[in-house]
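To start, the structure itself, in structure tokens.
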Amino acid sequence: MKKKIEQVKILLDALPYIKKYAGDIFVIKYGGSAQIDPILKAQVAEDILLMQLVGIKVVIVHGGGNKISSFLNKLHIKSTFVDGLRVTDAETMEIVEMVLSGNVNKEITTLINQHGGNALGISGKDANLLMATPIDFEKYGYVGEIRLVNVEVVKKILDEKLIPVIAPIASDNGTNSSLGYNINADFAASQIAIALKARKIIFMTDTPGVMDNSKNIISTLNLQEAEALKKSGVISGGMIPKVDACMEAIKGGVLKSHIIDGRVEHAILLETFTSEGVGTVIKGISKIKKGA
Amino acid sequence: MKKKIEQVKILLDALPYIKKYAGDIFVIKYGGSAQIDPILKAQVAEDILLMQLVGIKVVIVHGGGNKISSFLNKLHIKSTFVDGLRVTDAETMEIVEMVLSGNVNKEITTLINQHGGNALGISGKDANLLMATPIDFEKYGYVGEIRLVNVEVVKKILDEKLIPVIAPIASDNGTNSSLGYNINADFAASQIAIALKARKIIFMTDTPGVMDNSKNIISTLNLQEAEALKKSGVISGGMIPKVDACMEAIKGGVLKSHIIDGRVEHAILLETFTSEGVGTVIKGISKIKKGA
Amino acid sequence: MKKKIEQVKILLDALPYIKKYAGDIFVIKYGGSAQIDPILKAQVAEDILLMQLVGIKVVIVHGGGNKISSFLNKLHIKSTFVDGLRVTDAETMEIVEMVLSGNVNKEITTLINQHGGNALGISGKDANLLMATPIDFEKYGYVGEIRLVNVEVVKKILDEKLIPVIAPIASDNGTNSSLGYNINADFAASQIAIALKARKIIFMTDTPGVMDNSKNIISTLNLQEAEALKKSGVISGGMIPKVDACMEAIKGGVLKSHIIDGRVEHAILLETFTSEGVGTVIKGISKIKKGA
Amino acid sequence: MKKKIEQVKILLDALPYIKKYAGDIFVIKYGGSAQIDPILKAQVAEDILLMQLVGIKVVIVHGGGNKISSFLNKLHIKSTFVDGLRVTDAETMEIVEMVLSGNVNKEITTLINQHGGNALGISGKDANLLMATPIDFEKYGYVGEIRLVNVEVVKKILDEKLIPVIAPIASDNGTNSSLGYNINADFAASQIAIALKARKIIFMTDTPGVMDNSKNIISTLNLQEAEALKKSGVISGGMIPKVDACMEAIKGGVLKSHIIDGRVEHAILLETFTSEGVGTVIKGISKIKKGA
Amino acid sequence: MKKKIEQVKILLDALPYIKKYAGDIFVIKYGGSAQIDPILKAQVAEDILLMQLVGIKVVIVHGGGNKISSFLNKLHIKSTFVDGLRVTDAETMEIVEMVLSGNVNKEITTLINQHGGNALGISGKDANLLMATPIDFEKYGYVGEIRLVNVEVVKKILDEKLIPVIAPIASDNGTNSSLGYNINADFAASQIAIALKARKIIFMTDTPGVMDNSKNIISTLNLQEAEALKKSGVISGGMIPKVDACMEAIKGGVLKSHIIDGRVEHAILLETFTSEGVGTVIKGISKIKKGA
Amino acid sequence: MKKKIEQVKILLDALPYIKKYAGDIFVIKYGGSAQIDPILKAQVAEDILLMQLVGIKVVIVHGGGNKISSFLNKLHIKSTFVDGLRVTDAETMEIVEMVLSGNVNKEITTLINQHGGNALGISGKDANLLMATPIDFEKYGYVGEIRLVNVEVVKKILDEKLIPVIAPIASDNGTNSSLGYNINADFAASQIAIALKARKIIFMTDTPGVMDNSKNIISTLNLQEAEALKKSGVISGGMIPKVDACMEAIKGGVLKSHIIDGRVEHAILLETFTSEGVGTVIKGISKIKKGA
């Protein structure tokens, strides 16, 4: 019995967090190992379900980088990368969409549904959720940047108590092309979070978070500090676009952006329901009253 | 971090229970030590809040035996008991109501509200919730039995996301007397649970549950078994009316009646969210499909 | 038949008043002889019912001064008064609450319900309706002044076509004390009327109204005139706090405050549905277009 | 003041009636002197307004016999009557409709509106409210009997808190003729009352009610008694169709049919809100529990 | 089959118009030959039905000039015209109303209903839709100008999926006279269109539209141009009040006013669903973005 | 102008069909040339849009046979067919889903959206819309038959005025496999139509319809006739499963099943809005009153 009482007390430790977040929207950029490792995948599904049951409205945005590459390989299509972006010709774009919308998206949807949830997988093309134009068609082909977010469809899905799972493909803003555009999943998540007035956006990565020069995790950053660390080169490489997506969300009104380590078991719940900060949180300046 | 992960896993252990009970009504007969001991009181408040946050609709019915006696003592009013019932003359009735509706009821309401909840304390007189007639006016005076339960007001309070706290005082069914009647709190709870089509009724007592001849707790009883144990004298004394109230609820359609030990920390949560059965559960026959 | 036709004509005389007040909120501070005399009590119940049936939303706020004193006497607890306020220690506070919430409140609720209405009795503690801090704890103990009025619960009760009956007990604004505070019923009524944007507040007293130096009732006063009469001493003694509560309501946006003679039969209806002004009305300055 | 108190008491005498009828539908067949005499007209408007304000849903059906005749005279169109029915050729039908829909109907609507009500005048042609076929075209021409009542439009008008005023003109059930049919107003009222599940239908006449052989008013009749009096010839002449319309309504489920004397001031209110029965009430057999 | 495919293509040509107008309000001033010729009448009914089925909310306002004159003739009542207005004494007013509300209004209602629609005929007196004062009582008698449009009743009728048909009779704004006033139907339509925030107002006339000096139809005019043409005398005679009503509507916020030739088959549909402009459209200046 | 008037008359010819189908659900099994030929594709999009604008609720179910085969070829994956079913191993299943959910589904969605519609593409996995078990895993692998249709999500999408586009992939009913099953699109359409209580199901094929022995199209068949033609071999080959899907829908309550020639321009509109029957309609026995 004693052990059970301990358990119940732990449940109660989550009470203040449950109260704080009831009714709020959290956007989760799902990716990395947490999307590959079967144990981590099952844990993510459980985490999302618990969040929904205690009243948080969860929105999943996913990428699918590895799967795209391995599939292109199978088809002997080679990818060139310019400025870190995959040059995406029409043939590649078709594969990108099939992998994201037809494979990864449905896999996540099924994962959640088989754990007892009720997920609905869409892409940014559905109900014109994401409208984009090419960044530089000559240079990158069908790589787009978002011009318009029609977020009503996501709100309706949430209102129906369904969990939206979103593939980062956008329609052509000018309806010239029906192929659509490949969108960076981090920025898609960030734009959707802004349009939904989300409370939090959580980026699941394969890093422990933003680290200082001594390789210690920096647990909290405000916009100025993040900017400074970018300038000084402490934030570098692949962390830069993550931090940029975080900052974009904050500037757009999201209260907190989190870069968490998806390799840690139940990392999302740890961040959400315990005093244990996992990874790095980026937030605005301290004027904000309503804490998060 | 390891400890935190353990915590999160414990949270997830509650997931199936949270799913099972979401949207259901639980009636809690609050009483005994859990109503007196300050630590237990605070724990009950937390338990109720957590239940509400994860989607259970909680209804509190309370007694107030000890406080009534001590207050009657202060006023030098002596109580006679016949067949275990307090003979209640008009003067006593006035005190009974003041203690129940004006002291105990508001104390519980304030307890919940000060823990962050939103409770509304009423008595069975409000909106004619409980209408009664005297059991035997000559013998017991203003001790009533319920004739009518107008449960709409409780549903409305629940719909408003408030926690109803109910004092077991009833109006006169014939509007002859404005004094009203003193109602046994266990049976008031049972009647209200039936009228609300509650999923569970939980009686908080100062006993470990129903015990067999060897003083071991009987964890599960169906109606026939309970009846048999009453006949054979295994269930005796003060446990008889508790078991009767349990059986009445089950016969009226409540899925499960629980007699739990309110002296155990977080006994309600233990019963609701863990595999640990505390005390005794009484249920109908096994035909029922939808488990509880 | 002639007599009946006369009756019907009288009914029709009320037509313009019924039209004017349909859908408006009236707060009635119930007190004095009208709360004690059995005939007056029955008449008040009838008056309230009629008002509700013709579309006025009635809110009752009550005191209970006499009953508190007599009950304290029974318990041999002596009251000291400082500046007209009962010095309220913890023991006294407990009795005050029991009498107000557990006796007077339920008596009024039952009175209305037995006349065919549907009343719901609450105190300021319920759903945190009234939050207060002590005026001067050292001097007066648990005598509070209102800091916050959470009037939503009253609106919800009105929306459900129930008549709210409110005892003037407040919760501690800082959740330090669970005892709560004793609030002056006139000011509780005034604050609730403001928060509800009531059209009228009616104070039932045992006086004919505000009187001039020649002992004639002053039928109408605006804020300036009331202020002037206070300065000149024409308004004095026990009438001062009544007039202050009236003025507070007007300043807070209530259209008219009435001090009426509760000893007159059906005084509320007389005031509401006939051209006969009973007692004194206090109102703002004449700029107001929508008459009352 | 004393007089005013008397007035208020009279108001309260209406309380049980107001409670009884709140939310019920009353159909009033408006006609006779009450439709001609300016004082009676104003009183009818007041009566209807009061009924609406205390929660009765009033539906007016009117005839216009006298006006039709006088207008036909002006145009030198002669009317023949067969079996008490005006033989209605196309030219006559056009005039009948103009007088009923374009004159009488709008006069009543304006009368109510100028007394502060909100009336909407329609005919049975609007939204296909009344669909009819000729009784015997060869014999009577455009005199119709109702085949279908599409009462939804009346319910919608009532839901909008408007008072429907209905001219007894029906559309052709087979859409052959656009002229429509002249319908007996008493039976139109009766059919509409049945379709609306009205509580009462009130026929305003220029008679004191049904009289026995000694010229005394019979205050109450059940269906069998009414039938018997018709057979015995006590009910005769112009009273027969009135009584028939009453009986039709009762058989169709209306609780009570009243034949009242519209020449009496405020006859409708007398009947509705006082213990004074005016005229004759016809009802079903005494099994009915819910009194009217 | 080929012919049918052509038909379907024509259906699709209407697609952009259907999309553009879905949910918008169109006010149609019905009059002229289209109100007299049986074939044109049937076509108007079909046109209105189709418009309603594809989502346009149609409001009909009608006059009835010819019928009024012919009816006055029958009664040997002579009309004098001053400044183009019929001098309307009380006797004439009564006939005007009977013809408009009791004959023309119901004829249109029946016409639509017999084609499968659901029309509800009212006059400006109903629910106080139009409130007016005399233009110059001494000179013109009961000829009014609109002071107040209570358009709620029309919105409610539209919400119920009914087609409102409105006779241009107004109540007296001061409730002095129950006769009401005769209102110019063009201006009644214009005022109602403004109050409803209609997208279009369409005047059905017996002219091809506004014509220039060479007798060619001017297909488009803005406010300035219309004003100029009036000054220069190109717009003259009976066309002036039509153009004035058009301009009034535009100034009040209606997007486009149309003067169309009601003698052309299906003129309304031609104007609404094809690229063929029939008659003249008057609109504001070109700043307007949302085309019509 | 004459031509335009002809056009408008054609529009009006559609009036009875628009009235008949307003608010009804049509399921369209989209496939064959109409899914490949760019001109036909655009026409289908227009047809669907028009149907939606005039009040029909359209649901699209699609297959994608050709694209699946060509994609499997690119990957050098060979397909074996047993009993006309593609033997679907895990690798093939992954490709099938990617092509259907990630390519064809989004292509149709985009097609409709770029024509001005608002489509939402999902698969049977989303919100557990289609739950299946393998037909015979040993023989056919991941080819499933539907066990459960959770059609609520489709109703919600329709309620939001979105056009659902559904890929025929089902979840595993027992949650054993996350791969899901490949479902025959015709039967998926049929099951969805039944669950939605659709009025019509329309199968777009590359045949003129069901043909008799003389190669003439049979325009109408009832269930018995269809059964007989199957037995006699007149219906044979690839037409058998189409007719079976048609009959299944009819037996499940759909009013009419259509096999139409998708190669004909605007075939859907022809069938829906003209008297021209295209292809074959299969219906139940003639008892049905409400025609379709």
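Every chain is named by a letter (A, B, C, D, E and F) in the order it is written, and numbering of its residues begins at 1.
Definition applied: a residue touches a chain if its C-beta (ideal position, glycine included) is under 8 Å from a C-beta of that chain, and two chains touch if they have at least 3 such contacts.
Remember, predicted model here, so these are calculated numbers, not experimental data.
Traced through touching neighbours, the fewest hops from chain B to chain E number 3.
Shared contact partners of chain D and chain E do not exist in this assembly. If each chain is reduced to the centroid of its CA atoms, chain A and chain B end up 46 Å from each other. Centroids built from CA atoms put chain D at 69 Å from chain A. Between the Cα centres of chain A and chain F there is a gap of 35 Å. Chain contacts: chain C has no residue touching two or more partner chains. Chain C contributes residues 1, 4-5, 7-15, 18-19, 22, 46-47, 49-50, 53-55, 116, 264-266, 269-270, 273-276, 278 to its touches with chain D in the complex. Across the complex, chain C is touched by residues 74-75, 94, 97-103, 105-107, 109-111, 113-114, 118-123, 125-128, 153, 156, 160, 162, 169, 171, 175, 178, 180 of chain B.
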